[in-house]
Amino acid sequence: MILIFLQSSVFSLNTLVTLKVLESNERDTMAISLKLIPHLLAWFGIVLILLRGFAGRRSVVTVASIAGFVIGVTGTCILFRSFPVAIPFVVVKSALGVSFLFLWGASIAAIYRSTGRGITIFQGERRGNFPLGAGIAACMASIVAGAICTCGLPAAGSTLLTLLLLAVAAGALAYALAYSAQALDKLLPNSYTVSLSGMLVAVVALLLCSSSSLLRLDLFSPLSMKVMKGVHDFVHQFMESILIPDHLFIRSYIWKFIGLLFGKEVGFWGGLVIWFIPALLIAMAIGFERLPSVAHLRQGAKRRTVMAAAIRERRCRLVIPLLSVVVFATAAYQSSFPSVEYWDPKPLPITADQSGEITIPKKGEIDLEDGKLHKYLFKQGGREVRFFVLMTPAGQLTVDLDACAICKPDGYGQAEGSVICYYCKTLIPLDTVGKPGGCNPVPVAFSVKGENVVIDGITLVNSWSTTVQATARVKEGGK
Amino acid sequence: MLFRILKNSFLKRPKAIFLIFLSIAMGSAVATAFLGIAGEISHKMALELRSYGANILIEPSAAEGGGFLREEDLPKIKTVFWKYNITGFTPYLFGIAEFSAGGRKERGVVSGTWFTKQLEVPGEEFSIQGIKGIAPWWEVQGRWPEDADEAIIGASLAKRLNISSGSDVTTIVRGGNQKFRIVGVVTTGGYEEEQLFAPLVTVQSLLQQQGKVSRVQVSALTVPMDDFGKKDPTTMTKDEYEKWYCTAYVTSVAKNVEEVMAGSRAKPIWQIASAEGALLKKLNSVMLLLTVLALGASATAVSTSLMASMAERSPEIALMKAIGADRFQISSIFIGETLIISLAGGVSGYLLGGQLAELISRTVFNSTIASPLWLFPTAIISAFVVAIAGSIVPLRRALLIEPVTVLKG
Amino acid sequence: MSENIIETNGLTRNYGDICALKPLDLQVPEGEWLSVMGHSGSGKSTLMNLVGGLDRPSAGSLRVGGKDLLALTEDGLARFRRESVGIIFQQHHMVPYLTAVENVMMAQYFHSVPDEAEARSALERVGLGHRLKNRPGELSGGEQQRVCIARAIINSPKLLLGDEPTGNLDHKSTIMVMELLKELRAEERFTVIMVTHNQEVAAWGDRTIYLDDGVLVREERTAG
């Protein structure tokens, strides 16, 4: 049965991707589907955990999760359609941040309660297992998961019809996954229970793990940056306002320790501490949980059986928070060592005005000055020209053909500090982009008028033809 | 309770435990030592093949006499086809010299070079060339020379002369002499530590070789060599040659540079090491094989001694079973025992293996090695692997013990 | 004494061609003290092992404490042994490197969780309060057997099996051990099955059965 679900889910996954990426070929579809799989697995895990945690509310959880996922996917799509790209990312990232803060609060509450003091953090807490609470939790988590999935898809223009189809595809996918989660849940033995805090930590961990693979949604790196900055600022202020550098008590070896605080590692380790503490606190809280009182049992064997059962149950509940620690570690790892990918946007079609000039606003839909490669496709008279606009690290805008003077015009991708020629795999330092020669992209003359970059269409086409014809001729000549 | 059982079992049967501990420690020590040496060899090879740092050496071609390159050709390096891939270069002029400082006299190599030379090439952007950019791994205690009579000295030459930063060294070459103020001591881990580095101009006039350099080191961003890159350019078709020339293989960049330097021959530095590299690779695989064999042998030893102790302990296992221990509980006692021994064995194997590696590398390879951090988990893991592999058969035997037959006795 | 704790029906055990136990029908009511007598090789130990879940029958049915022992897996049998049965052997088997109290705690550990205080009081109950930290080598035969009794009853089994528990003991220790068992049985109300070839020991039971060549030949009730 699970197999059938999985088959249908693969099918709808492909539909989903195809719908989102309108003009893409088979291979792209496959590649993007593969990239989506971790996110979907994370969501699958979330649904499974919720089903376990809200045992007895399974149908509510399933329905709410599916609904949440569809809302997340379509909602984010609508956001992407109606606002600049940055806004949806900010929205999703804030949602993730809030969930992490919430986890922090919950973990502190959990550890506080484990010391034996009973407190109720909020009114609905005790009613967590009621249909409404379960539904809301499942829905919210799934909305965020769906949003992360959408952020993982490449952007493309969408019409109302495709949006509708997208919602249907997402729904089908969610349906298949949620029901396979339910089937899996039935297979698991009943003794694996999940506490409320364990459920929370697992859900947040999976969401953060899923988001950490997307550079723009990653929370860990900004967190460690913040920590580093915070520490630096604090030490600075502290030193300047309170302690004079040649103070009597500050000997040179103390400066060494102060120097440690200025190291780059402070951010990383500090970030790690903040990152892991909630999950560890929750695990500790479960570890500290009181065992049931067995004093009323007269017979030793019975007393010990009850104790052993309680200990076993506590260990079972520890599994999820400890697994979450592993998931958090994965997220931190993904964030620290992002998989190297060449930034290679799809060329945007662009046209010239009557006077034959191409005008691209610097701060339009795309920010040309963000230091990234921006590719465009210009068509004129049956000829196609690929070119890109890039701001070099020196702060100079440059317009170049997406081809060099010698290689086949396979184009360029951007890596850390350099661009790579896809044909000969040569790395070209970013600083030298815009200068002719070698395998560097061929520069094109352009002018900056006000807030626009203006390129002459004829020059562009001519430059492309001479370059490409030259390289093509060499190629033919060789055969 | 598990720990109490284990603790008492350890305390009461020290001999059997020690035997197992010994075999595990031996296996993990050998694994650590061999893997450490193999790793060190690979590390050294990787340094050799690094894509940053100097990877092309330009020397005067043997055909032309003279034996020098012209300094005036140097800026042309920045104008070649691959100019953007050339991240830096440094010229050297060498001469044997007598150094004297504080009464001591030693022979050594004086080397004129650029440290941070501001190079202006017409039509190109102004750039800074020299050792500082090309050899970022050099550790200089002190600072880099700035004036014409300042120099840095290699660590081992400095040791021989017994001087440090701030001292003065007089350099004598064929009657001519020049006084240098030492501003830094450099550690490179290579032959450079036997040299004194001074500004090129000063050394040129000292050696009376104005405008000449002995060799140039070039550092270029290159593409890793593949089968295509190894092909001989002269046998290529035009199409292939075009692709070869436009791919930044170290060989094609070298050829490119060679074209602009009159009377020069440029060779990729890795070629020098390639024969050595092939040998080291073979050595590495022998090391790996030996490691696997050593681990296998120690697993067999562990297995044998565990078998013996199982036979001795079968009444005890039978009793535990009769009292009601299931297979999981029995296994956890015995696996826990071997794991604890192997943890101890792994740690001592690591310590022992480090010493062994150093001994081997000192006597056989005549070089010191720094035991890298990854060897520790390797030692522990190999100890675990040995312990687990060695305890599979004995554990199966233990689980098959029938309380009825054993307790009958 | 309404329910039977042990019910066998045609219980048979063959070792190869040798038939150690011919089809046996036996009922033992709950709380009874049953002595099993017979000379060597009469099948009494085989019966003992079958009832204690240490061995599996070749044919027939065997129910102990409502459980069908034939249906249990190996780990299921282990669980049955630690929860429902206490066994005392002829050669007071103890783990040599553990102290008396640790030997008792080991049974607790396999059963559920160890509880040292309880193990101590169990040893005090069998009169070994002063020898808690001694290892088996430092205990006399009678003392070792008393540790084994403490260990056998620590998990409150429904059934206590003794396989010639007094076989290696002198007369004085035998009396001591038997008195102890009687006392404990009065408190804990477990069923006792004791294999012996000593008529005097057998007389401590409520009922005695005689086995010969794997066949139940005679059965008698002890008067009073």
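For clarity, chains are labelled A, B and C in written order, and residue numbers in each chain start from 1.
One rule holds in what follows: a residue touches a chain if its C-beta (ideal position, glycine included) is under 8 Å from a C-beta of that chain, and two chains touch if they have at least 3 such contacts.
Treat the numbers as computed from the prediction; the structure is a model and nothing was measured.
Enquirer: Tell me which chain's centre, taken as the mean of its C-alpha atoms, is farthest from subunit C.
Expert: Here the answer is chain B, farthest from subunit C.
Enquirer: Higher C-beta contact count, B-C or A-C?
Expert: When A-C is set beside B-C, the one with more contacts is B-C.
Enquirer: Quick check on this structure: which chain has its C-alpha centroid closest to the centroid of all protein C-alpha atoms?
Expert: The chain sitting closest to the overall C-alpha centre is A.
Enquirer: Using mean CA coordinates as chain centres, what's the gap between subunit A and subunit B in Å?
Expert: Distance between chain centres: 37 Å.
Enquirer: Using mean C-alpha positions as chain centres, tell me how far subunit B is from subunit C in Å, no decimals.
Expert: 68
Enquirer: Taking each chain's centre as the mean of its CA atoms, how far is subunit A from subunit C in angstrom?
Expert: Those two chain centres are 65 Å apart.
Enquirer: Which subunit C residues touch at least two other chains?
Expert: Residue numbers touching two or more other chains: 83, 108, 111, 113.
Enquirer: Hunt down the residues of subunit B that sit against at least two other chains at once, touch-wise.
Expert: Nothing qualifies.
Enquirer: If I count partner chains per residue in subunit A, which residues reach a count of at least 2?
Expert: Answer for subunit A, listing residues that touch two or more other chains: there are none.
Enquirer: Of all residues in subunit B, which touch subunit A in the complex?
Expert: 81-85, 87, 221, 223, 237-240, 242-243, 245-248
Enquirer: Considering the complex alone, what residue numbers of subunit A touch subunit B?
Expert: Of all residues in subunit A, those touching subunit B are 404, 406-407, 418, 423-429, 432, 435, 437-440, 474-475, 477-479.
Enquirer: Which subunit A residues qualify as touching subunit C in the complex?
Expert: Counting only subunit A, the residues touching subunit C are 299-305, 307-308, 311.
Enquirer: With touch defined as at the start, can you tell me which subunit C residues reach subunit B in the complex?
Expert: Contacts found on subunit C: 45, 49, 52, 54-55, 74-75, 78-83, 85, 87, 89, 91, 93-99, 102, 105-111, 113-114, 151.
Enquirer: Which residues, counting only subunit C, touch subunit A once they are in their complex?
Expert: Residues of subunit C touching subunit A: 83, 108, 111-113, 115, 118, 122, 154-156.
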